[in-house]
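Below is one structure, written out as structure tokens; comments come after it.
Going by the order they are written in, the chains are A, B, C and D; count residues from 1 in each one.
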Amino acid sequence: MGKSRLEAFSDGVLAIIITIMVLELKVPQGGELAALGPLIPVFLSYILSFVYIGIYWNNHHHMLHATQVVSGRILWANLHLLFWLSLVPFATGWMGENHFAPVPTALYGVPLLMAALAYRLLQQPILAKHGRDSALGLAVGRDLKGKLSLLAYVMAIPAAFVSPWIAHAVYVGVALAWLVPDRRIENVLARRAQ
Amino acid sequence: MGKSRLEAFSDGVLAIIITIMVLELKVPQGGELAALGPLIPVFLSYILSFVYIGIYWNNHHHMLHATQVVSGRILWANLHLLFWLSLVPFATGWMGENHFAPVPTALYGVPLLMAALAYRLLQQPILAKHGRDSALGLAVGRDLKGKLSLLAYVMAIPAAFVSPWIAHAVYVGVALAWLVPDRRIENVLARRAQ
Amino acid sequence: MGKSRLEAFSDGVLAIIITIMVLELKVPQGGELAALGPLIPVFLSYILSFVYIGIYWNNHHHMLHATQVVSGRILWANLHLLFWLSLVPFATGWMGENHFAPVPTALYGVPLLMAALAYRLLQQPILAKHGRDSALGLAVGRDLKGKLSLLAYVMAIPAAFVSPWIAHAVYVGVALAWLVPDRRIENVLARRAQ
Amino acid sequence: MGKSRLEAFSDGVLAIIITIMVLELKVPQGGELAALGPLIPVFLSYILSFVYIGIYWNNHHHMLHATQVVSGRILWANLHLLFWLSLVPFATGWMGENHFAPVPTALYGVPLLMAALAYRLLQQPILAKHGRDSALGLAVGRDLKGKLSLLAYVMAIPAAFVSPWIAHAVYVGVALAWLVPDRRIENVLARRAQ
């Protein structure tokens, strides 16, 4: 079973998700600078979500690069991940249009949390197929960053009801932690090539 | 005639269909949790349709994997399948926004039925080109699951007028029956490899 | 210069055009069958345009299959073709929502005419690069079907003001003439393989 | 690290950006020719932006064609470029719907300027990896056209407040200067092949 169509389909869906989000930036009526004012929170939400989808694309790219075999279970685990990511544009729009109100801010964490769980569910059968001492297995290791991200989302969602700004700080912080591309796989592959 | 562009184009269309459906989840005005209430049926419809498009992508992926030659007839049979699948977002939105009323529930079955027929029309010339004892031919066999699905849709559409819940049960049931990825082709290929 | 990205980008744009058109089928408010009535002309227009985009994808697929070299001029000629095809969803929506009124029916012919001209402009440098006795050159020959289609569009546009039905008959007729996949290239390639 | 997924994802995003812009051409209510009048500025803006996205796709295609290695930094520099290009449809719609008013015309230059800067940021690590006397390094040279374009945007944005027509002249002029496909890379590669 080739992985090329899995990559192509995922690339397509992620490309559309990232581009559909920009449709929430609705062209305002007036032509003055002031007309852009109410769009600022929507724009900030867009930036955050763009970075998140970019992170997922990047890590997905690395993980599948190290994958050799694709099974039916991996195909569905991948679709499950894409499902939660497909809800990011909706959560982004709702949070932005309500100027970072508590409930939409909390809800924004839900697809992030679920996508993080889905990513782990996708990683599992791939790791199982390739073994703990494959390039991917060594690179992921105990996956501390993945586990801490899950914990961060779980805490950010209720914290949004105390103050949305705590949740925003967590969302931005987790994104920054992942923005550093996942060099673990690159490193292991490079070490092996020596 | 290569099959790679056929796969690429189908992947593109299916990726867009699956992502466009999420646009029916329109960002609500208010920022309270109650604002999400009316979206629940739309969300449930989205999940069901996401699974259906995922099933078609999965089976399409398997069928074309076993295909070696692509003819003009296969190109058009494929476009015909994509046509009916492209109507799924409309049917999903109509059923969801009308809270599973009888007529939209019945109509939801129409693109499903037509896509199932179109899938068989696509399978036919591929099987004819590869022969009944090709990997694909052996895997599909008498295609009992395909035939029973057709029968299920044909019965669900009128049943929606009696009670929409009968139709929903059928739609969910057929989806679950296919969610199990079509291992028949994988099995035959694996057996051959031995 | 590889042609794979040209194919991938064209596939992407054509896949999006074909799927964006379905968004003109706007989900109606009511849940009765009668609510679908006003959508019938939009649906019929959608079918026609789906077939046209399908024809372009099919012929584009065949033409590039026979192409070996891609130049800067070919890249732009291809973008020019995609530009006119990208206006088909707009023309489709306008014609459908105005129930096949004369002006929208005439205007529907404009992107079709311009896309047909753009296709010839794309074919020219490809033919020039490959020579008149290449597989593609022999297959296209004097390109009678291409020239007659141009003539048909040129006559259909003013005829829509006399009666839109003349124009519709021409649009459907040309589509049917091309629905037969362009076997010329396949035939020449098959003859050469002997 | 292969570059094929980077190309595929970029092609997907650019294909969607170029096609989403056409959605700003909203189907008018009436069916008379006069109903198309207010759409003319939107249509002109669409043509300009279509050409710009086409230029970026073309140059991106050439640059990556000459690239052999892809790093994490290149992946993010590429996403950064796509981010600014994803704002072009919004800027296009705002400028078109406000009939080329000063503020939207000035703002139209912002994503163009930022995308031009992002393109340079993407070019840098690629050049660094391949060396100044690689095919790409020789082809780009001192990149005078790139630097002059940046200068042109920087001047056009404030000039729009004096008269939008100055800015439009600059935007069209820069587009025309780039419409000539970037033969520098093709030339160097051709010279090497001798």
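We adopt the following convention: a contact is a pair of C-beta atoms (placed from the backbone, for glycine too) under 8 Å apart; a residue touches a chain by one contact, two chains touch by 3 or more.
Quantities reported herein were computed from a predicted structural model and do not represent experimental measurements.
Relative to the C-alpha centre of chain B, the farthest chain centre belongs to D. Interface residue usage between chain B and chain C, two copies of one sequence, is largely distinct: under half of the residue numbers at the contact are used by both copies.
Centre-to-centre spacing of chain B and chain D amounts to 37 Å, using the average Cα coordinate of each chain. In whole angstrom, the spacing between the mean C-alpha positions of chain A and chain D is 26.
For chain D, the set of residues touching two or more other chains reads 8, 12, 15-16, 20, 23. For chain A in complex with chain D, the residues that touch the partner chain are 7-8, 11-12, 14-16, 18-20, 22-23, 25, 27-28, 30-33, 36, 47, 50, 54, 57-58, 61, 65, 179, 181-183, 186.
Contacts from chain C toward chain D in the complex involve residues 1-2, 5, 8-9, 12-13, 15-17, 20, 23-24, 72-73, 75-76, 79, 82-83, 86-87, 89-90, 93-94, 97-98, 101-104, 107.
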